[in-house]
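The chains carry the letters A, B, C and D, assigned in the order they are written, with residues numbered from 1 in each.
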Amino acid sequence: MLLYASVLLIVIGLYGLLTNRNVIKIILSLNVLEIGLNIFIITVGFLDLEEAIAPIITLQQRASVIVVDPLPQALVLTAIVIGVGTTAIGLSLAKKMYDKYHTFNLDEMGEE
Amino acid sequence: MSIVLLIAVPLFFAFLGIILKKAAPYFLLLVSFFNVLALGFISQGAIVIGGYSSFYGIQLVLNSYSLIGLYVVNTLFFVIVAINCFKHKKLSPILLISLAGLNGLLLTNDLFNLFVFMEIAGISAYLITTTTKDPKSTFNYLVLGTIGSSFYLLGLIILYAMFGVLNIRILGNIIEGVVTNKAAVALPFLFIFIGLGVETKLLPFNSWVKGILGKSNALTGPLVGAVYASAFAFVFGNLLRYLFVFSESLLLIVSILLVATILIGEAMAYASTKVREILLFSSIAQAGVAVLVFALGYYTWGTILIALNGFSKLILYLVVNIAVDQVKSDELSALKGLFVNNKLIGAGFSVATLSILGLPIFAGFIVKMNILVAMANTPKFFFVGVILLASLIEGIYFIKLLINFWFEQDQAPRVKYSYVVIYVTLVIALLITVFGVYLEPLNSIHSTLNLVKGVVMHG
Amino acid sequence: MSEFLASLEFINYIEMVVSVLLVVLAIFTLTMKSLIKSVLFLSSLSMLSVVSFVLLKAPDVAITEAVIGSGLVTTLFVFTLLYVHQKERDVS
Amino acid sequence: MASLELLLIFTLISGVIAYLVGKVHPKTGSILTIIVSGIVFASLAYFGLNEQLLTKVSYLPYISFIQTPLAIFFGVLVSFVFFMVSFFNPYFIDKYTYKAVYSLLYLLSLAGIIGIFFTDNFMTLFFFFELVVWSSLFLIPLGRDEEVSVWYFGFSVFGSFALLSAILLMQSVTGTFDITTGLQAVSGFNRLSVFILLLIAAFAKLGAFPLHYWLPKVLTDSPDPVTSIFSGGLEKLGAFIAVLGLVKLVPTGFFIDVMDMYLTHYILAILGSLTIIGGTVMAIRQDDAKKLLAYSSMSNGGYIIVALSLGSSAGISGGLYHIIAHAIASTAAFLAIGAVARQTNTTKMSELGGMLHKMPITYMVYLIAIISMAGIPPMGGFISKWLIFQGVINKGLILVAAATFFGSIGSFLYVFRPLAALFLGQELPQFKETIKEAPIVMLIPMVILSLLNIVTGVYPTNILAYINTLLVDLNIVQLDITRWTIVGTNGTLNPALIAVMFALGVFIAFIIFISLKKSRKVELMDTYTAANFIYTEELLHYSVDFYAPIERLYEPYIHFMKKFYQALANKVREVGALVKYYIFTSKPEVATFFIMLVIAILLWGDLV
């Protein structure tokens, strides 16, 4: 279920990128896209089993434990941090654009 | 010497440079020079970070292919830094990070790690391009870069879900061996293709290029146009060689995209009257040629082509951007007669251009002929025709450019080039000429690259 | 209670709600006229994704997303909007 | 220097030396070009004609040479043209922006020529072909108009790429780059394709219709010595490729029994005829003497195409002889015009007149050259045209014959116009004081070329004998010649006899000229019309708009090829601008849209 939701989130993010001319909205769309992507990655590693547990090493390691795949989770951790970096740069650029053009709307900035 | 140093040393000094702000430009200069030197002492092979088996751990691979890539990227980087490092002192740590990212791109053998390095290189590129004072273009670059890398991530995660591996070479072997219905992997491959296509400037995904390279300065022009372009072309080549498996429909789409990139790129360059635009559109077309050569399986000459184009492009972007910075206009009419007062620069520029056009006694001729002969013998005459047609258009506008730069007495602009630039231009031009006549080096590179077919799996 | 919690159906039920909410919030984020509302919806979307990460047995990711994704990103957006707001007031 | 390899290296190195010397003293650098091209010509001629050239290669990698009669024929001819033209270099070097580079590029082109003719490998041929293209390319913009070189490059590279495609096709089918074996081994449809591609290359190089557009432009606007090089030398590369394609590669395809020739050859002959007609018609309407000769060069290229496509011994030997005759005549004519241009700084017929009194030797050179170009005995052009007419008539090609006759008669119409306008008539006041005869060094090549013009016309059998050995090499029946006569199917030609009769005629005319009363010299102003004296210094003679009534007949139709090429260029530009406008916006949504589109196409493709 979450798999479909995540794919939908990606599509909504792309839709936002296609339709929005507002710089802030575009960055928001990118964020939506990234959240969708992150959930998608996690669902890929998720085992739909009752007994599977989170991949955390505890003191009492049982032998026959089933762990969900830890790799995608590690990937998502990295992806989240990268996403924040991109957003931060995007917002600072938005600021600069506002300073230069006094608007957030790409259409009103003119094409040269 | 370990290959990790190539990534670790720049990163370390980047953070040191943030602390010691005054020393940062010197760090930049020293470290980029160190990287070039270090390549001479480095040992080939594979390394796994963290001591896991190569199946899970992040593997860095250094073979002749990545070594050539490293040489090209690090040398070009050093040259650009040597010319620019005191003009943009604040950027020094970011430039170091971008160097680490680029080296990582070339070395890594792990799909996700590649994504991380792509983002590192990308983010530093966004920051570096803010020096052009055009936030709109940078923003466009950022959005497209992020979309591209998102698609790349999507593609790699689908591949991971299907095969449970992220090691490029192992994954490639598995797909080659296991998958019978190639259409099943077409979608993730298309995602990866799109992701890299954005960075490599393939046609419908590359609208960022106009803003970035069309308004470049002496730092961003050569850096994005020559260094980043070569690095991403090398990465693309790596993936095309070890990972990609084309289903029929994917191959059709990819070939259409590449042919469109090549032909329309040349047409756009032909339609442009601004010098920087001419260069950027022509480099779009050349990126298309390089990827096409790799996609058709001529890896060795593709590698040499990218390396050669990297050096030629460096001269072109450097010369043009310095001139544009001083003349304050990049209209061809404003730059007429640029070489009348700068004959040495003009000679180097002409050699680089003629080599890109594939005219004889320059190295470009040898590379182009070998690619064409290989294509004709496969036989893929359609692509031969495409490349020849593209070369025709390319030749016309480049020759027009050269003639305009050389022959104009009345209002020749006065542009000062520093001795470093003149020296670099002449050395590269000389090398292009020597390699065009003395074929041993190119042939030996070709044969070494041919030998590296074996997959490095256990480091 | 714990048995009930562990039952698959309930998890599915929560999952469904979360999924629908995610989509709805995402649509709200991109359709709001006011930028600050959009940012707040993004923030709640991010929090909801934290829930989904927990459901998917990725607690460490959930924590990171809660702190960085929801907290930091929202702050950045808000600061940018505040900066702009300030500027607008300076002008007028 | 009997070794081709050494000759090549020598030319290249002396090119560099000429450059370095030219940096210090441009004139010395250009004098070096005379010496070097002289040495190249002398060794090629002396050792080549005795078949003593060494083809062994010990220093240069990947290059191999072969000594064929065809190679020697072209090599000697073109290096001779280079040698002759090089005498002009020292006098023109001051006019160029880049003086040292001129010498370098001049010798680089010469080296390329050696490589092209004497190699046995198609890839090497292409290498030198492209070398010549770009080294000659940068010679053009030293003249009047820079943009012309772009057109030259476009057409030339189009031709080169056709050649390259032919080479690649041949190699992929036969597995060899060797010219002789490769051309023999390729068969079937591939042979036809190779043939067509080779001929496209030849047409582009020769400037034949419909790839002629660059030729008049280049010949008009390049510096005067370079014009002679193009007309006499580099244009003949196209003829060389045409010989390879038309003679060495026996084509396949539809064979027309009635005409005893292949359909492809017939089409070529028609295209050659169109070139003749087009060149002639365009030459008639030019005011610029150089441009006029440029179009006449184009029409002579058409003669070469027609002759070679005939495939008979008369045709091919006529074609080869025409290559020599035209090279000599057009080089001489362009050099004469160049000499005038150097003294007066113009080549416009409407601005010149009466040069005969100041430059009598140049006048004689030009006179002899145009007689040859018009195909009038006793000059070389007559012999070749006679052979070509023989060939055309034997095949019964009525349309082609009409075109060749038209070209011949048309050339009467135009070649005498510059003669009258430039040299005859009244002296213009502005040239009265300053103009002198060209310097003696410039006269040397012009006089030599004129003598050769006469020799080729009076005693052609020596050269024809050599062409006969060449025909043996090409597997074609030899031409029937005796010591003094050429035996054709429609009669026997005795050039020497004709020459003697002409000499007698000239002698009688001369006797009459001196025995009659002398004509009076009048000043330009010393005239009146409609009972009024004329005070404006206008030229009232037939150098201006003389053929206006004829021009009006075809005026609307002449620019259609120009329009075609410009439309082609515009289309490329439009496509580029269109894509640029729609894709390269600064809005990210466009790229997003295309990404979605590509994914959608893939998914759709996989679903279907």
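Note that in this section contacts are C-beta pairs under 8 Å (C-beta built on N, C-alpha and C of every residue); 3 or more make two chains touch, one makes a residue touch a chain.
Being a predicted model, the structure only gives us computed values, none of them experimental.
**Q** Between chain pairs B-D and A-B, which one is joined by a greater number of C-beta pairs in contact?
**A** B-D
**Q** So what's the Cα centroid distance for subunit B and subunit C, whole Å?
**A** 38
**Q** How far is the middle of subunit B from the middle of subunit D, if each middle is the mean of its Cα atoms, in Å?
**A** 44
**Q** Between subunit C and subunit D, what's the gap in Å when you average each chain's C-alpha atoms?
**A** 77
**Q** Centroid of subunit A to centroid of subunit B, CA atoms only: how many Å?
**A** Here subunit A and subunit B have centroids separated by 28 Å.
**Q** Give me the residues of subunit C that touch two or more other chains.
**A** Subunit C, residues with two or more chain partners: not present.
**Q** Could you list which residues of subunit D touch at least two other chains?
**A** In subunit D, residues 585-588, 592 touch at least two other chains, as defined above.
**Q** Quick check on subunit A: which residues sit in contact with 2+ other chains?
**A** In subunit A, the residues touching two or more other chains are 14, 17, 19-20, 26, 94, 106, 109.
**Q** If two chains touch, include that pair; go through all of them.
**A** A-B, A-C, A-D, B-D
**Q** Residues of subunit C touching subunit A in their complex?
**A** Touch list, subunit C to subunit A: 6, 8, 12, 15-16, 18-20, 22-23, 26-27, 29-30, 35, 38-39, 42, 45-46, 49, 52-53, 55-61, 64-65, 68-69, 72-73, 76-77, 80-81, 83-84, 87, 91.
**Q** Residue numbers of subunit A touching subunit B in their complex, please.
**A** 10, 14, 17, 23, 26, 30, 33-34, 37, 40-41, 44, 71-72, 75, 78-79, 82, 85-86, 89-90, 93-94, 96-97, 100-101, 106, 109
**Q** Using the touch definition from the top, list the residues of subunit B that touch subunit D in their complex.
**A** By the definition above, subunit B touches subunit D via 136-137, 139-140, 143-144, 147, 151, 183, 186-187, 190-191, 194, 198, 203-211, 247, 249-250, 252-253, 257, 264, 266-272, 281, 340, 354, 359-361, 365, 369, 372-373, 376-377, 379, 381, 384-385, 388, 391-393, 395-396, 399-400, 403-404, 406-409, 439.
**Q** Which subunit A residues qualify as touching subunit C in the complex?
**A** Touch list, subunit A to subunit C: 1-2, 4-6, 8-9, 12-13, 15-16, 19-20, 22, 24-25, 27-29, 31-32, 35-36, 38-39, 42-43, 45-46, 50, 52-56, 68, 73, 76-77, 80-81, 83-84, 87-88, 91, 94-95, 98-99, 102, 104.
**Q** Taking the touch rule as given, give the residues of subunit A at its contact with subunit D in the complex, in rising order.
**A** 14, 17-21, 26, 106, 109, 111
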